[in-house]
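Structures incoming, each one as C-alpha cells.
Each of the next two complexes has subunit A plus one more chain, namely subunit B in the first and subunit C in the second.
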Partner chain A sequence: MQLSRPSVRPSRIALHAIMILLVVWSVTPFVWTAQTSIKFTRDVASKTPVLWGYETTANAYRNFWLDSDDLNMWGVLAFILVVAAAATALGLIGRRARHGWPWFLGATAVICVALWRFPRIWEANDEYDFLVNSVVVTILTMVISLSIGLLAGYGLARYTGISGAVILIVALGFRALPRTAFVLPYFFGAKEIDDWLTSTGVGSWNFPLIDFPGVDTLQILDTRLAIVLALVAVNQPFTIWMLRSFFIEVPKEMEEAAMMDGATRLQAFRKVIIPIMWPAIIATGLFTMLLAYNEYLFVRVLAPTEWTLPVAIVSLTGGESSRTITEAAAASVSITLPIVIVIILFQKHLVRGLGAGAVKG
Partner chain B sequence: MSTVTLKNLVKDYPNGFRAITDLSLHLDDGEFLVLVGPSGCGKSTALRMIAGLEDITSGDLYVGDRRLNDVAPKDRDMAMVFQNYALYPQMTVAENIAFPLKLRRVPKAERTAQVRHAAEILELTEQLDKKPAHLSGGQRQRVAMGRAIVRHPALFLMDEPLSNLDAKLRVQMRADIAGIQRELGVTTFYVTHDQVEAMTMGDRVAVIKDGVLQQVDTPESIYGSPDNVFVAAFIGSPSMNLFEASLTGNDERGGGYSLVLGDHRLAVPAEVVADRPALASYEGRPVVVGIRPEHLEDASVAPDHPDDQRLDATVDVREALGAETLVHFNLNAQSVDSGDPDALDELRDTGRCTARFSASSPARVGDRIRVNVDGRRLHFFDRQTHLAIRDRAHGAEQ
Partner chain C sequence: MNRRTFWWFTIPSVIVMLALMVFPLITTVWLGFQKLLLRDLNNPEWVGWDNYRDVLSDPEFWAAVQFTLVFVVVTVPASMVFGLAVALLLDRIGRGRAIYMAALLLPFIVTPVVGTLIYEDLFERGGLVSWLWEVFTDDAFAVSASNVKVLIVVQYIWYVMPFAMITFFAGLQTLPEERVEAAALDGAGFWRNLWHVTLPHLRLLVVFVGLISVMDAYRVYDSVFVWTGNRFTEAHTLAVYNVRIATAFDIGRLGKGNAIAVITVIGIFVVLIPFLWRSYRDQIAERT
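Here is the complex of A and B:
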C-alpha cells in the first residue's frame, strides 16, 4: 500500500491566496511610506514611481526630530540606551519576571530622566514635545482606563442584578455613538469650566509647590489632562466590556477559595484574580494604548496647541504647514516603531488574552 | 473545641427560591458528618452558608459557642475544598499550599516546613514546583486538600471533592481523606451526592432532600432503619425495592399478618410486628413495603427458608457482577416513587424488583424462579406520609 501525500485541495489554495492578498493589501501602504521616508524629494515627486534603485537619505528623519543639521552622536547613543531600557522594562512585564520590579522601576527612571534631558542633549525640534505629550497621554489613559475598567468589570461580572445590566447596556450605547458626537460637548464643557476658572480668579491662582512646567494658569482646554479625561471617558465602555468578559471566565470559586484561605475580598482580587487576569489586562491595555496613541480628533479639538504625534504628522501633510511629504513619512514610521516593538514583546499575551478560555485554571 | 451547631438555618435566594428550610444539625468535636442528597437539593448552599460565602436568611450558626452569622469567611477559621478544587493557576503547588499561611504572615521558614509536611502526608513532594495545569486530577485534588490541612482550621468543609475523579481514584481518595481526617481530628462537614461516599466516610450521615433534612444518624442506622421512603430508596445500591401493598390479618392461620403484594402474599414474621407496635393499626390498610435487593435470595441457593416468605417470578434481566448477580423481575405490584429525582424512570411504575443473588445462582433470563424474602428485613412506610411505621407515636399521627 502506498501512502498518499495529503492532497492540496483547491479550497486551501484559494484560502492562501486570499490571505496573501490581505497581507499585501495591508502591508503595502506601510512599505510605501517607509520607502518614501528614506527617499529624496525628487524621487518621491517623480511622475513615474521610483520603486528601487533610488538614493537613500536620513534627511527626513533628521528634519523631523532635530533642530540642527548634523547628527549628535551622543544624542543617538543616549537614544539607543533609552530604547533598550524601555524594551527591557516592557519585556520584563511581558514575561512577568518574578523579580522584574526593580529593573522595571530603574528603567522607568532612566526613561523619565531621558525624556526630560533629551531636547538639550539632542537639539530636538518641537516635535519632540509632541512625542512627550503622546507618551504621557498614552500612559495616563492606559493606567486610568485599566484601573477603572478592572474594578468596574469585576463588579459587573460578579453582580448580576438589573442595575448592572443597565450600566452595561448604557455603556454599550455610548460605545456605539460616533466619536464626533462627543467632541463638541466635551469642548464646550471644558470651555465652561475654563471660563468659570477665569471669572472667579481661581484660574490664576499660584500654587507654589505644584509648579507645573509651562503652566501659568489653571485650565482644562489645551492641556494633556483634557485629552486624557476625554479618552478615558470614550474608552471606558470598551475596557469595562472587555475586562468583564474575562472576569466572567474566572470561576467564582477562585476568590471564594482565597477568602476561605483568609484573604479579604480586596486581597483575593489583588493576589488571586489579578494575576489570573494578567493576559487579559495586557490585551486590553494594548488596545487602549493604541487608541490613545493614535487619537487625532479629540487632540485636535480639545488641545489646539498641545498636540500629540498624530496631529503633528497631519500638520506636515499640507494642511497646517508645507513641509515635505518625506518628512511626514519619516514621522509616520518613527511613531509606528514603538508600537511594533510593544506588540512584538507582548504578542504572546495578546494571543492568550484574546483566545477564549485562556484564564481557566 | 470545635463543635458546630446549625439552628433552624433558612436560605432564601434573592429570586425568592427557598433552598434550605429549617436546617438544624450538630457536629461534635472531631466528627466527620456527611451531608448527602440528590443534585440540586441544597447541599452546596448549606455548606456555603457555613463557610460564609452565602448569607444566612434566618437561623443561627455556632462554632463552639461563638455565633458566626455575621463573621466574614476569612475570620471563620474554616478551610474549604471545592468541587473543582479552585487551585490558583498562576501559583505552583507549593505556593498554593502556602497561600493561607502567607496571608496569616507565618514566617517563611515555618511556612516551608509546613508545606513540606503537608506534601509528605499527601504524597505531593515531587510535584511541589509544578503548576496546577500540569497535574493529574488526583494530584490537583490532593493539592486542594493540602491547602486545607496546612493551617489546622477549626472545621473542614468539602463540597463533593471526589466527584471529578475516576471511579478507581475515588475509592482510593475516599479512604485517604477519611484517614487524614481521623489523624488530624478536625471536625469535618462533607457534602456529596454519592451515597457510597456518605456511608463509607461519615461518622454520621445527614440525608437532605429539597432543602429539608430527612434523617441524621450513623450509617448503620440510616441503612437499617430509614425514617422515610426517600431515605430508604436513596441510601443503598441498588436501591431498595418499594411497592404498594396491603396488610391483612391471618385469622385462619392463628394470628400474625400477611402482606399482599400484587399477586403475591408474604407472611410478616411475628418479631417484625413486635418491633413495630404501630403496624397493628395498619391492618386492612394499604402501606408501602420496602425490601433491599441484598435481602432477596435465589431459593435454589438457599433452600432452607420458610415457604410463606417466598415469591414466584420470571427473570427479566440478569447482570453477573462476578461476586454477585443482579436479577430483575416483575412483581405486578405498584412501585412507589421515592421522590429521588436521580432515580431511573424506567424503574418507577413497572413493578420491577431487583434482587442481589449469590454468584452461584443458576437463574437465567426467562427462568421461573422462587425468591426468598428475608421477612425480618422488611421495611414498612405509611402510604400517605411516606414515614416509617415503627412505634405507636408514628401511627398516632395519622
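Here is the complex of A and C:
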C-alpha cells in the first residue's frame, strides 16, 4: 500500500482528474484523426466542426487502400479482424509458452499469408505495396539485428578484456550520431556500387532462383535491402547495449554448469541462455521493430520509389497532394493501429525495456 | 570467456559496425572535401576547405544552429520536468495505472512523422485547435512563420515526454520505502522529500535521460521536417537544413551536405566526449 507515503497527498479524485487531463493532452490528436477518418468530406469541410451525430463511412479507407469505388468494407474489416485476432492469439500463447519462438513464427506466418492473399481477394492500390514493404523491412531488420546483436551482447557481457570496453564505448558514441552523418555516405556508396554493377554488366544478370517480382536489374539503391542494411547498422549500438545489460543479469554459473557437462560455449548459449532470455529478446525486438516501422529519413533518401508506409503517408497526403483530409486521416489511423495493438499486448516489455536501458545505461 | 571465443561471438556485429558505420563516417569526411553535385555524382573534385568556408558563411546555417540550440535548451528540461511530474503522479496511482500509462505512451511510440502530421492537423483549417481559436479570438488561426517554431517545440515535448516519464517511473519503483518513511517521520513535506530523497535517488537516471534527450533533440529530423517542409525554411534545425542542402531537387550539393554533417558530428562530440571518457573508465573499473 502507498498510504504511508508522505507529501501533499491529493485526494484520489483530484489525482484521477489530473491524469485524465494528461491523457486528453496525449490522445486528443489521435481521437481527432480517428474521427476525421470516418467522416464524410462535407462534415470535415464545414466551418464549425461536426463533433457528434455525424454519418460515418469507410470511404476514406477504401479510397486510400483499394482500387474500387463500390465495395462493402465490412468484408475487409472482418478479414482484418480475423487475421489480427489469430496473430494476437498466437502471440499471446507464445509470450506465455516456455519456448516462444514457434508461436511467434506462427503469428508471423499468419500475417504473411494474409498479406499475400489480401490483394488477390480485393483489388489493392499501389499503397498496398508500401504496406508490404513496411512489413518486410520491419521483420528482416528485427531478425538480422537480433541475431547478430544477441551474439555480440552475450560476448560483451562475459568477456573482461579491454577490447570489449572499447567496442562498447565506440558503439555508445555511434548511438549519439545524427542520421545525416550516415545517410549521405550510404546514398553515395550505394550509387557507386550500382554504377559498378551496371558498368561490369553484373547488374543485368538473371538469377532465376531469386527472381524478385518487379526487379530486373541487380542493384542496391531503391531496394528493401538498402533500407534493411542501413537500419540494422544504425540499430546495432542500441541492440548490443540493451541485450548486454540483460545478459549481465544472468549468472555465469548457468552456462558453466552446462559446459561442465561437455557442452561447447555456443551450445550452452543456445540451449541454456537463450530460453531464459525471452523477455529480453521481446523487449529488444519491440524497440527494433518500432525503429524499423517508424523510419522516415533513410527510406526517403535510399529508396526513392520503394517507400515504406511513413514515407508514403507523408508524400501522398502532405502538402499539395490531391488526397483529401479524410484519406490522410485514414492512412494515419491505418499505420497507427498496429502500434496501438503492440502497446496493449507488450506494455510491460516496453516499460521494462526502457527501464533496463536506463538503469544500467 | 577467452579472447578467441569473444571474437567469434562479436565479429558479426563488429563487421556490420565497421562496414556500415566506421567506413561511411570516413566517407563523410572525405566527401566533405569534394565538390559533388547530386545530379553529377561521378565527378567528385577535391576542393579542400571550400565546403566548410561555404557552410560557415551561410546565414541559413547559423539560423539552423541557433534554432537547434534553442530547441535543445527548451525541450530537454521541459520534457524532463514534465516527465518527472507525471512519473510521480503515476507512482501514486494504484488502480488504472496500466491504462493511463498506455495512453500516455502513445505519442512516443507512434511513427514520429505520422504523430506530427496528426498533431499538425489540429492547427490546420477545420482542426480542433484552430476552431477553438476562432471561437475565442474571432481570428482565423494559421500555421505561419511566426508561430511554427513554438508549435514545433510544443509538439516535440508532447512526443518525447513519455520517455522521461517511463524512465523516471522505473527509477521510482526502486526507491526504498524506508527512506521515504524516515523522511516523513522527520516531518519532511513534499518539496523537501522530493529534493532530499527522490531526486538524489534518481540522480544517475536524470543524467542518463538528459544525455539521451540532448542527443535526440540535437539531431531531430522527422517532426521538424513535417512541420516545415519547404514552407518555413527559417525554422529548420541542423539535420533538416543538412538534408535539404544535400538532396534538394536538382541542385543537391552532396559535398556541402557532408561538410555540414561533419560539423554536426563535431558539435555533439564536444558535449559527449567527457561522458564517453567517464563511461570508458567505469567499464574498465568494472572489469578488474
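To be clear about the criterion, the second predicted complex is superposed on the first by the 280 of 361 C-alpha atoms of A that agree within 3 Å, B and C clash if a C-alpha of one lies under 4 Å from a C-alpha of the other, contacts with A are read in each partner's own complex, and residues count from 1 in each chain.
Following the convention adopted for this analysis, a residue touches a chain if its C-beta (ideal position, glycine included) is under 8 Å from a C-beta of that chain, and two chains touch if they have at least 3 such contacts.
On a predicted model such as this, the values are computed, not experimentally measured, just so you know.
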item	value
Which of subunit B and subunit C A:A84 touches, first, second, both or neither	neither
Subunit B versus subunit C as contact partner of A:L22, first or second or both or neither	second
Partner chain in contact with A:R158 - subunit B first, subunit C second, else both or neither	second
Touched partner set for A:M260, first subunit B, second subunit C, both or neither	first
First (subunit B), second (subunit C), both or neither touched by A:I335	second
Superposed model, subunit A: greater residue contact from subunit B or subunit C	C
Contacts of A:P251 with subunit B and subunit C, given as first, second, both or neither	first
Touched partner set for A:I13, first subunit B, second subunit C, both or neither	neither
Residues of subunit A contacting subunit B in one complex and subunit C in the other	359, 361
Contact set on subunit A toward subunit C in their complex	2, 4-10, 15-16, 18-19, 22-23, 25-30, 32-33, 36, 44-49, 147-149, 151-152, 154-156, 158-189, 191-192, 195, 229-230, 232-234, 236-237, 240, 265, 290, 293-294, 296-297, 301, 309-310, 313-314, 317-319, 325, 328-329, 332, 335-336, 339-340, 342-344, 347, 350-352, 354-355, 358-359, 361
Complex interface listing, subunit B residues touching subunit A	51-53, 72-74, 78-80, 82, 84-90, 99-100, 103-104, 132-133, 147, 151, 157
Subunit B-facing residues of subunit A, complex	251, 253-254, 256-264, 267, 271-272, 275-276, 278, 359-361
Sites on subunit C touched by subunit A in the complex	1, 3, 5-10, 12-14, 16-17, 19-21, 23-25, 27-28, 31, 36, 41-42, 86, 89-94, 96, 98, 100-107, 109-115, 117-119, 121-122, 126-128, 131, 158, 163, 166-167, 169-171, 173-174, 177, 180-181, 183-184, 188-190, 193-194, 205, 208-209, 212, 215, 218-219, 221-222, 225-226, 229, 238-239, 242-243, 246-247, 254, 257-258, 260-262, 264-265, 268-269, 272, 276, 279-280, 283-284, 287
